[in-house]
Every structure is written in C-alpha cells, then in structure tokens.
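As structure tokens, here come the structures.
Consider the two complexes below, in which chain A is the common component and chain B and chain C are the respective partners.
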Partner chain A sequence: MKRGLAIVAGLGLLAATYAVAATTPTSQLVEAPFGSRGSLGDTVSSQHLIATVHEASLAHEVELGSWRGTTAGVWFVADATVEATLESKLIEVDLFIDGVQYGGTKRGDGGTVDEHTVAVRFPATGPLLIELPADVVNFPGARSAVLRISPFGDDRLDSVVEIVIDLTTLEVADRVELEPARDGSR
Partner chain B sequence: MPAKPSPRATLASRVRAWLPILVVGAVLAVAGVVAIPLGGWDTVQLQSAVIPEQSVGDTFVGNRLAISIDDLYLTDDFPDDYTETKPGESFLVVVATLEGLTAEPESPISIGPPSPFTIDGLMNLDERPGYGDLTVFLKRDGTFEPVLSPGVPDTLLFVFTVRSGQFAQGDVLRIGLTDATPEKADIIDGTRWVDEHVAVEVSTTVRDDR
Partner chain C sequence: MSDSERPVTEVPMTWLRRNRWFLVALAVLIPAALVVSLIPRFFPYLENQPAVIDVARGLDERYSGANVKLTDLEVLDGEALNAPAGSDVVVATFAIDVVDPPASSVCTVTLVAPIDGVEREWDEAIASSDYEVPDEFEKYCDLSEARRYHLQLVFYVPRGEVPDPAIRFTSTAAFPQELRLH
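Moving on, here comes the complex of A and B:
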C-alpha cells in the first residue's frame, strides 16, 4: 500500500514538474512591452508617443522622392502621424506576423516617418514602409498583424503604440507614389 | 540446494561475458597492424570532415540564412559609382542571393552571427575584414549595408578591397558557406550562435570585369 502510494505520488510530482516547466512564461513574454492598442484611424497614446495610422495598403513597387523601391516581396505601406509626449524621440516601426518581426525599411532615402526624430507637439506625417514576403496575405497571422511604433532601441518593458491590422483586407497596388515625411499633421 | 558450478563452466561464462570487448580489441589490433604498411590512420580522411560542394547558383539552406553564390568578379568601379580605387588596389565582388530564415530582420554582416561565407585570405570564421575592406550593397538599388526582412530573398554585392594582382581572371576560389546553431542568449536580448562552421563549399571562377 505504502509503495503504491509512493509511486502515485512520484508520478504526480513528475507530472507537476512538467506542467510547471511547460507553463513558465518565457523571458520574451515576461519582458514584453506594454502595448496601447488601436486600429487604423485611431489616435493611440503610449508613454512616449502619440500616433495615428491613417491608412495602409500593400504595393509591389513604391516611389518615394527620387527613390524607386522594388522588392522580391511586397511593401506594407502606411500613412502615419507621430508626435512625442515627453521629449523628442527617434522612432522605430515593426510589423509582427505570427511572432515574426519585420522592420521598417531604411532604404527610403530618409523619406519615411521612422527616419525622423519626432518632437513634443510637433508631429511628423508621412509614409511607413515595411518589406514583407510576397505571399504574406496567406500567412495564418495575416488577419491580426500588429504594427508597433516605439522609441528607437530596446523596447522591453517599455510603453509602445500597437495597431492591429488585417492584411488580407488591404488594397494591393502595383505601384504607389509617396510624398516624403514632413512636419505637421495630416 | 543447487549444484555448485564447475571451475570450467565458470571460466566459459566469464569469457562469454568479455567476448564483445575481446572482439573489439582484436579488430582494433588487426586494423592497427594493417594500417602500418598503408601509411597509418593519419592519412585517412574522415568522411565526417569532408565538406560537401555545391555549384554556383545553388542555394544552401542554413539555420540563419539561405544563400547562393551567383558570381565573382574583379572591378575597378565601386557600386556606389563615386568611390574610386586607390593606386595598387582593386575590388573583388561576390554576388550572392540571401534570404533571412529567422524570426527577425538579419544584417548579413553583423557582430554576433558568423559571416555568411568565407574566402581564404579575405574573410574567415574567426577573422572578419577590417573597416573599409568589405562593403555590402543591395544590388537592386545600391542600399549600403542592407537589412534583410525575413522570407524576402535579395541579391547583395559583397565588395572586398584587394591588392592589384592578388586575384586574376580564371582563379578558382573556394567560397565556404557557413552555418551555426542558434541558442537563446543569456546576457543580451536575442540569439547567440554557436558551432560556427563551413557547411558547404562553392568553387567559383573569378571574372575580370575591369
């Protein structure tokens, strides 16, 4: 009887160990930034930034000033207005799909909003450009992609703006012409 | 009460117990004797140490990058169209198509992971080119030091500054495509790469495009 009880208790403790190991949050989850979430058209505030993503689309080619952006994938194109809340910030944009991070391109000759420093009460308005795989709309997470706008650098445990976007509903253009980012609101 | 085993039976059972070790020892002894007239085991190339080869244009899929070597040429024209060669210098350009396979943007040449490929005398696993000795451009629009989006392949130009005469048309260079194993980093946020090695080699002939 005692031996049977010991075996059952041992197996129970072993199962509990596996359960604890399997459910322990990863450091990625524990240190995740705090996202203030919204949708296209919403003005969303974080501790550092106030951002509005007015509209978004996909394009096979973009023209931004004198730069002609071609890609083997497809461009995520958004028009956004961003300003700082406490102090001037260099910003960073990333799109997350199925846990994969796609960063804002730095190929646009400085014409995108995320290559500008945004100041308090002096918003900057203009394009955001992110290069994505050609078949991205077929990805399982394409319906709930998250566009993160954050101060440049390590955003762990920091406050960020997040816009949830359904990529499958976006218009896909062969080519779009964009104006470089400028000071002011839309 | 069971009968006591005889000394003969005990010896036989002991030999049976040691039989596998005796067989292995005998095989090793024979192999050692046979190897002496053949030059010894030092002359044997381990199959596990043989690096497989692939052709120009074929894609190697590693843990961090998928990469193919597309072309290799000498030029005096820097891809930015305004940097000029200094006397006694030329440029060796490796044209390669890369695709990031991780869950984050990848810089082809960065501090943590191994270089995407090696070339003897120019870029090795433990010896990176010095500042100004290697510049990377995106072929499609000349972007300097491009970052690759995951799952979006693109062709890059790796431009090495070399001495005039260091390489010539027709030289065959062995370019080693590298790989490594990702691990969760302890101190920094992100990935550390261990077991860096050359996984595949590509024999590539230098063109002279000067």
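Moving on, here comes the complex of A and C:
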C-alpha cells in the first residue's frame, strides 16, 4: 500500500515538474513591453509617445522625395503623426506578424517619421515604411498584425503604442508617391 | 494553611506561548529577508535617482568642478522671430567658471516646465529662427578645461504653454546630482 502511494506521488511530482517547466514564461514574454493598443485612425498614448496611424496600404514600389524604393517583397506603407509626451524621442517602428518582427526601413533617405526626433507638443507627420515578404497577406497572422511605435532602443518592459492591423484588407498599389515627413499634424 | 502547603495547579501552555520564540524569530527574519532581497536591485536604483539641487537665478552653484550661474532666462515671442510654427523661443544665458575640471564629463542642458501638472523636457533647438546667439557667447556647454565663459542656449517650446521654464543642468561627472536653475 505504502509503496503504491510512493509511486503515485513520485509520478505526480514528475508530472507537476513537467507542467511547471512547460508553462514557465519565456524571458521574451516576461520582459515584453506594455502596449497601449488601438486601430487605424485612433490616437493612442503610451508613456513616451502619442501616435495616430491615419491610414495604411501595401505597395510594390514607393517613391519618397528623390528616393525610389524597390523590393522583392512588398512595402507596408502607413501615414502617421507622432509626438513625444515627456521628452524628445527618436522613434522606432516594427510590424509583428505571427511573432516575427519586421523593422522599419532605414533606406528611406531620412524621409520617414521614424528617422525623426519628436518633441513634446511638436508632432511629426509622414510615412512609415516596412519591407515585408511578398506573400505576407497569406500568413496566418496577417489578419492581426501589430504595428509597434516605440522610443528608439531597448523597449523591454517599456510602454509602447501598438496598432492592430488586418493586412488582408489593405489596398495593394503598384507604386505610391509619398511626401517626406514634416513637422506638424495632418 | 500556609502557601507552601497549598496544592499547585498546572496551567496548560497555549499554542502561542509554546511557539513564542519561533514567532519572534519569524517576525525578525521575514522583514530581514525582504530587506536582503532588495539589496541587489532596489537600493542601487534608489541611489541612482536624480538628486536635484535647486538654484535661484543669479546665484553661483559649485557643480562638477565648476561654478554655474544662470544669469538670464527669457521667453520670446516665436511668431515675431519666425520660429517654427506653434513655438516660442526661450533663451538661457549662463556664466560658467570651470575651476576644477573633471577627468571626463558630458554636460547636458535641457529646458523643463510643467504642462497639465506633469514636468516635460525640451532639448536645445535644432530648427532655426531669426534669433541668433551673439558672438560673445559660447554655444556649447563644456566643463573639460579650467576657464571662465558665458554660454547662451536657445530652446523652442510650445507657444504660450511654457510661461515659467527652468533649466536642468547635468554633468556625467556629478551623476546622479543635477542642477535645476530657475
């Protein structure tokens, strides 16, 4: 009787150990930033930034000032207004699809909003450009992609703006012409 | 019947009485364990919090090996100076006497002011306006060599929203102390 109980208790403890190991959150999850979420058109505030993503689309080619952006994939193109809440910030944008991170392009010749420093009460308005795989709309997570707008640098445990976007509903253009980012609101 | 002849009745010990020393030990050890757990992160965090030294305009304050004095802080009409849309121009003038320069330091000067009850901060101006810093003033804060100079910095702030700004003056050599010049 006692031996049976010991075996059952041992197996139970092993199962409990497995459950604990299997459900322990990863450091990525534990240190994830706190996202203030919204949709296209919403003005969303985080601790550091106030951002509005007015509209978004996909394009095979973009023209930004004198820069012409071609890609083997597809461009995610958004028009956004961003300002700082407490102090001047250089900003960073990333799009998350199925947990995969796609960063804002640095090829935009300084014309995108995320290549600007934004200050308190001095918003900047202009394009955000992110290069994505050509078949991105077929990805399982394409309906709930998350555009994260955060201060440049390490955003672990920080406060960020997140806009949830259904990429499958976006218009796909062959070519779009964009104005470089400028000071002020839309 | 004398006291010595009276029968002794045994009082049963309560649970609390039986365990009193263990409970006393717990009362000491639990707070001690909490304090010990805070040592690696929380206490260094507290020590690194900015220690603000408030200094009134026109007064010298010894900071990071220099005597620092805010001699003037003016908010100018941005529209009249063709400043960026929606901005006013703030001109801050300092007298700095570097007496004992630190081996290495980076000096940072920002403008702070409350809006809606929360302190906000602006960096030195990058954009241009009709206001130009006169030639007799330095345009960059530098505490690396012993000398006396006058410094003037320009800031743009949201128009009409910063009537009473202050200056936050920091040096990496004096961290976490910082000056708040009013």
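The definition used in the following text is that the second predicted complex is superposed on the first by the 186 of 186 C-alpha atoms of A that agree within 3 Å, B and C clash if a C-alpha of one lies under 4 Å from a C-alpha of the other, contacts with A are read in each partner's own complex, and residues count from 1 in each chain.
Operating definition for what follows: contacts are C-beta pairs under 8 Å (C-beta built on N, C-alpha and C of every residue); 3 or more make two chains touch, one makes a residue touch a chain.
Just so we're clear, the structure is a prediction, and the values are computed from it rather than from any experiment.
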Simultaneous placement of chain C and chain B on chain A, clash or fit: fit
Partner chain(s) touched by A:Arg156 [first = chain B, second = chain C, both, neither]: first
Touched partner set for A:Arg37, first chain B, second chain C, both or neither: neither
Touching partner for A:His54 - first (chain B), second (chain C), both, neither: neither
Vertex chain A; arms to chain B and chain C (CA centroids, nearest 10 degrees): 100
More chain A residues in contact - chain B or chain C: B
First, second, both or neither for A:Thr71, with chain B first and chain C second: first
Partner chain in contact with A:Arg175 - chain B first, chain C second, else both or neither: neither
Partner chain(s) touched by A:Arg186 [first = chain B, second = chain C, both, neither]: neither
Gap in Å between nearest CA atoms once chain C and chain B share a frame through chain A: 16
Where chain A meets both chain C and chain B, residue numbers: none
Residues on chain B engaged by chain A in the complex (per definition of touch): 103-105, 138, 140-141, 143, 146-147, 149-154, 184, 189
Complex contacts: residues of chain C adjacent to chain A: 84-87, 110, 115, 118-123, 126-127, 156-158, 161
Of chain A, residues touching chain B in the complex: 27, 31, 67-73, 99-103, 105-107, 130-134, 154, 156
Complex contacts: residues of chain A adjacent to chain C: 85-88, 117, 119-122, 183-184
